[in-house]
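One chain, chain A, links the two complexes that follow: it is found with chain B in the first and with chain C in the second.
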Partner chain A sequence: MVHNKISSPSFLEEVEAESGEKVRICYQCGKCSAGCPVGYAMDLLPNQVMRLVQLGLKDEVLSCATIWLCASCETCATRCPREIEIVKVMDVLRRRSSAEGYPSAVREVPIFVNSFIGNLKRFGRLYEAAFVGTYNILSGHLTKDFDKVPAMLSKHKLSLLPPRIKGISRIREIIKRVEEIEKK
Partner chain B sequence: MARIGVFVCWCGSNIASTVDVKAVAKAAASFPGVAHATDYKYMCSDPGQNLIRETIESEHLTGLVVAACSPRMHEPTFRRLALETGMNPYLVEMANIREHCSWVHEDKGEATAKAIETVRMLVEKVKRNSPLEEIRVPVTKKALVIGGGVAGIQAGLDIVTAGIPVIMVERSPSIGGHMAQLDETFPTLDCSQCILTPKMVELSQHRLVTLHTFSEIDEVSGFVGNFKVKIRKKARTVDHDKCTGCGICMEKCPAKVSSEFDRGLSDRKAIYVPFPQAIPNKPVIDRSSCIWFTKGRCGVCKKLCPAEAIDFEEKDVIVEEQVGAIVVATGYDLIDRGLYGEYGHGKIKDVIDGLQFERMLSASGPTGGKIVRPSDGATPKTVVFVQCVGSRDDSKGIPYCSRICCMYTAKHAMLYKHRVKDGKAYIFYIDVRAGGKGYEEFVKRAVDEDRVVYLRGRVSRIFEKNGTVFVKGSDTLSGQQVEIRADLVVLATAVTSSHGSRELAQRLRIGFDQYGFFTEAHPKLRPVETTTPGIYLAGACQAPKDIPDTVSQASAAASKVIGLLSSDELIREPLVARVDEKVCIACFMCESTCPYGAIEHVTWKDPETRKEKEVARVNPGICEGCGACLPVCRPKALDLMGFSDEQIYGEINALSDLVKVIHDE
Partner chain C sequence: MKYAFYPGCSLESSASEYRISTEAIASALDIELVEIPNWICCGSTPAHMSHELLSLTLPAYNLVLAMNVGTEGVAVSCASCYNRLKQANHAMQDPIKRGKVAEALGEIYDGTVPVKHMLEIVSEIGAKRNLKDLVRVDLSDIKVAPYYGCLLVRPPDVTNFDDPEDPQIMDRLVEVLGAQVVKYNFKVECCGAALAFPQVEIVKKLSGQILLDAKESGADIVIVACPLCHSNLDLRQRDIEKYLGIDLEIPVLYFTQLMGLAFGLSPRELGLEKHLISPDSVLKRIGIKV
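Right after this comes the complex of A and B.
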């Protein structure tokens, strides 16, 4: 497996340095995968992601869906017998994947992120109704979560009017600065 | 006038390729006090030794420096050679020019210079050596065995076979240990009770064995060959001389508590015998649960006992024994039930540990050998076994492998399938470690013949939902999450050191690791000895171990004891500390520093002034020659034989020219 694929010899070290976690000490017991609540939807289980990082199989791991599906719930890290903060590793992998231009293995993730940031830029604080609308139209899941609208409205969890806040321009500045940092 | 002989060894090319041995010999010949210096290819060989022997005689040598390998390697060889020629062996010193020169340096010139200086130092030392005599200590031909499990029993039986009396101390009311709890043993599936109980009987009935059950070690003093041991015989509240073992008391006792022997799967009374085959088969009263002791009333047992054996007034008794050697065989415990919250151990009734399952399998156990769900008594149709519960888990503080679980889990699954033909057995594992004789075949048999399903992955969580137990795990080989509805879950919980092992180690002055397991003197070459002479280890108190390994180690420890106690006297190296009584001011700083308890208080009469005073004395039978007492001795009354101040300063002063050169540079 390792021989006929291009493995990046420094990938493990890079991920370890960036995450501050020792991925190499993972001994593949599988407890992370056993308890992962999103494991059913993943293409690779968490332990397999760790293994690919150990082997330096960068392309495989940075183009997998798992890193985008991970909910950062920390169940894996809480139970890991080697005390590896797997969530931090997942974070690094997501960053690397997007920075190096790997196409997202889950189509909805960039749509979600872009809708979210666009919404923030426009309103300065999340305007849920508009955000859900934009996401549903762009993703094609037109009626997604519509059934929950009446309940949320009645409990004042959802407002039909946009939020009004002062200093929207400063929020935009923050986002702009982050985007500039990311470009570097 | 000293006449020292210097013999420089080539060690083949080991030394000669990096050290100019001829130059070393030539330089040594010019040192003051050196009568003869030469080199030879292999000093330790027969011709080499003959060369030394002949030179001692022809040159009338008064001391030897052999410049060769480490003294750990060949010092005994050359000291023996000296003894044969009539020279005191402590007039021989080794200059280590192999490990300290040729093996660690590359530059031949520098290595040679260092070798010359090393020889120079040793020549100055040996000039100041005085002849020393071996220390002879009388030996008490009796052994103490602490712990009455299979390790202690085996060691005890082997020792008495050699005619040496054995005193066995066991903490619980019966000997037998964990092995008595087991049903069948891997990899042969022979009945544990059937092979253990005859040994228990044989030991307890042996004329050379004194058995102290329900007893603990209070204090250990003395040294190899002459240990003094205080044994606390805890109050049984039942006079075993009068008790006939009829059992009426146990039948009528109203106080019930959960049975330790059955690991909570059954109840026992406050007056109890742990199990039917117990030795001695007479009850003790557990005062923490007895109504008489907790509430001050009841006394049913006393009223009913036909032999009038119940004695509520009985107190602990301290028995003093003198022994020559000690075998520590205190076994192991399992991790606390609370350690694995995510597995529901101790909370979910149908989640049990391996020893509980073992009791269930046992024909003399609480279910009579029937496998049942503890919650409702039904026969479980799906049983999930989970390995590495605690073991190999850094986050729980147990990074080590418990070593026995892979095998007993395979056995459990196999025995379950034998008894519940239509049952399903799953085993979650990380690795299967089956590295013993017949072990791999045994595991294969479980898979191939008994259709046990092995799933490779650790379990994340075990939980109960509407009366059903769910096991959430994974199979990393197929890359799938696995969820099993289990009727019964058996956890292979990690082996830990026995409770109280650290305190016992401190009493015995033996080492223990961070997990409380006792440390052996050398992991490969001295696996059954401790660093304290005369104290040996057997079984799982040293590290997790299965029965075959435990029994092997127990026999090995016994043979060490028999070897030690086979002569009337012990011979020890005379490299011990000695007190100059005249100088000693009896401050006893040495006593508080000595890690071996070798310092004694004695009254000493000055031969000149005829005045008496209290002084410290080093017991040469105990002293290990570590030298810790020397720096704390304010009047400098202490010195270490073979490494006296005079010898050490002689060595350092030999380097004074060299030190000056370095300083000037």
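Right after this comes the complex of A and C.
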């Protein structure tokens, strides 16, 4: 089935080095996929992702929907008889997919992630109202969850004012240093 | 007993009732919670998905702040914050990661500040003194499905919380409070978590399975220990009902609210009016005027 696809021989080693997980020892028992709560919605099951990483089929892995649908619930990692921390592998695949410019098969997920990270960089704590607003605008789902707003406001479950914390400039400096170290 | 309290972002807004009820039961149990001054977001799931070093540095920053509070450790209410703080402590055993975090923070954090979820703190107190002595309200008519979700129990080598497949800590608490524990299948299944934003259909399916199984197993209420689980199970319950084509109408309480009710605190003191699915019918059955 894979004879006409291009293999990237170093891909397995790179994923293993970055995740700290030995993907090569996966023996395809399928336990991760059997317990995966989101497996029904995935294009590749978790064990198939592991197999494609072993085979170096980088394009297939980095453009699949599975890496974006994985909810990081850790059921797979908890049950893996080879003790592979599969979520750490998924994290590496998500980051590589974004960094190398693969179009996300589930476009809303990276928009969600980036809206969240942008919000916390700016405010230090999550400013929920602004975060949801940013996500809705960038994703194009403009009115998502608007029906929840009246009840949340009347029950004082939605703060309209941004969080205020002392030392935000030091926090922003730390985040900047994190980005510089990550680039190295 | 004094803890550095890390409330986390949700307890500041969408889960304000979790904060109110946590502080109420802490006071009833003589737990002193000192909020970590100027704590920041733990980074939650989006940080580890996108930036590994950020996902470790944000919790480490908070744990360094907690050291200055000078206590027995950090008390956390949110399962996701709990998981990220423990993940950071775990990762600090790796000298390379420790070094990178130190470079970012400008100081060394060695990963040794103890992190406990409020459920663990309550359970430890329960091992020393009989919590039954504090129970003032008879809950014996109420059937409770304890829902643990993912991030308290998994991955077990990081959280070291309880049995990852069949945890008992909340089950035992419900028994001590005098209510009935419902055995059901979905206590550690995922609610869909943060997919509530980008893939809400998945959350409706997963959270729907949990609520339906709890209901069919006879539960009057579900109790939770995580703001995101609560949001998916309570705030989205009407959407889930439409998705499933059935009425669920099952109140979802924080475990702290059930404790407070058992201890005789008023619904107002526990923020019980803040849920979308009203618990009034259950409150009436235990003799509380609503």
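To be clear about the criterion, the second predicted complex is superposed on the first by the 165 of 184 C-alpha atoms of A that agree within 3 Å, B and C clash if a C-alpha of one lies under 4 Å from a C-alpha of the other, contacts with A are read in each partner's own complex, and residues count from 1 in each chain.
The working rule: contacts are C-beta pairs under 8 Å (C-beta built on N, C-alpha and C of every residue); 3 or more make two chains touch, one makes a residue touch a chain.
All values derive from a computational prediction rather than experimental measurement.
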item	value
Combined model on chain A: chain C and chain B, fit or clash	fit
Which of chain B and chain C A:N114 touches, first, second, both or neither	second
Partner chain in contact with A:N47 - chain B first, chain C second, else both or neither	first
Touching partner for A:C29 - first (chain B), second (chain C), both, neither	first
Partner chain(s) touched by A:R82 [first = chain B, second = chain C, both, neither]	first
Chain A as apex of chain B and chain C, Cα-centre angle in degrees (nearest 10)	80
Which of chain B and chain C A:L69 touches, first, second, both or neither	second
Most chain A residues touched (candidates chain B, chain C)	C
Partner chain in contact with A:I137 - chain B first, chain C second, else both or neither	neither
Contacts of A:V38 with chain B and chain C, given as first, second, both or neither	second
Chain B versus chain C - smallest C-alpha distance in the overlay, whole Å	5
Residues of chain A that lie at the interface with chain B and also at the interface with chain C	40, 75
Of chain A, residues touching chain C in the complex	20, 37-38, 40-41, 69, 71-75, 77-78, 85, 87, 91, 94-95, 98, 106, 108-109, 111-114, 116-117, 120, 124-126, 128-129, 132, 135, 139, 144, 148, 151-152, 155-159, 163, 165-167, 171, 174-175, 177-179, 181-182
In the complex with chain A, residue positions of chain B that touch it	342, 388, 392-396, 430, 456-461, 472-476, 479-482
Complex interface listing, chain A residues touching chain B	27-36, 39-40, 44-45, 47-48, 75, 79-83
Chain C residues touching chain A - in the complex, by the definition given at the top	9-10, 12-17, 37-41, 43-54, 57-58, 61, 94, 100, 103-106, 150-151, 153-156, 164-165, 189-190, 192-195, 197-200, 202, 205-206, 235, 273-274, 276
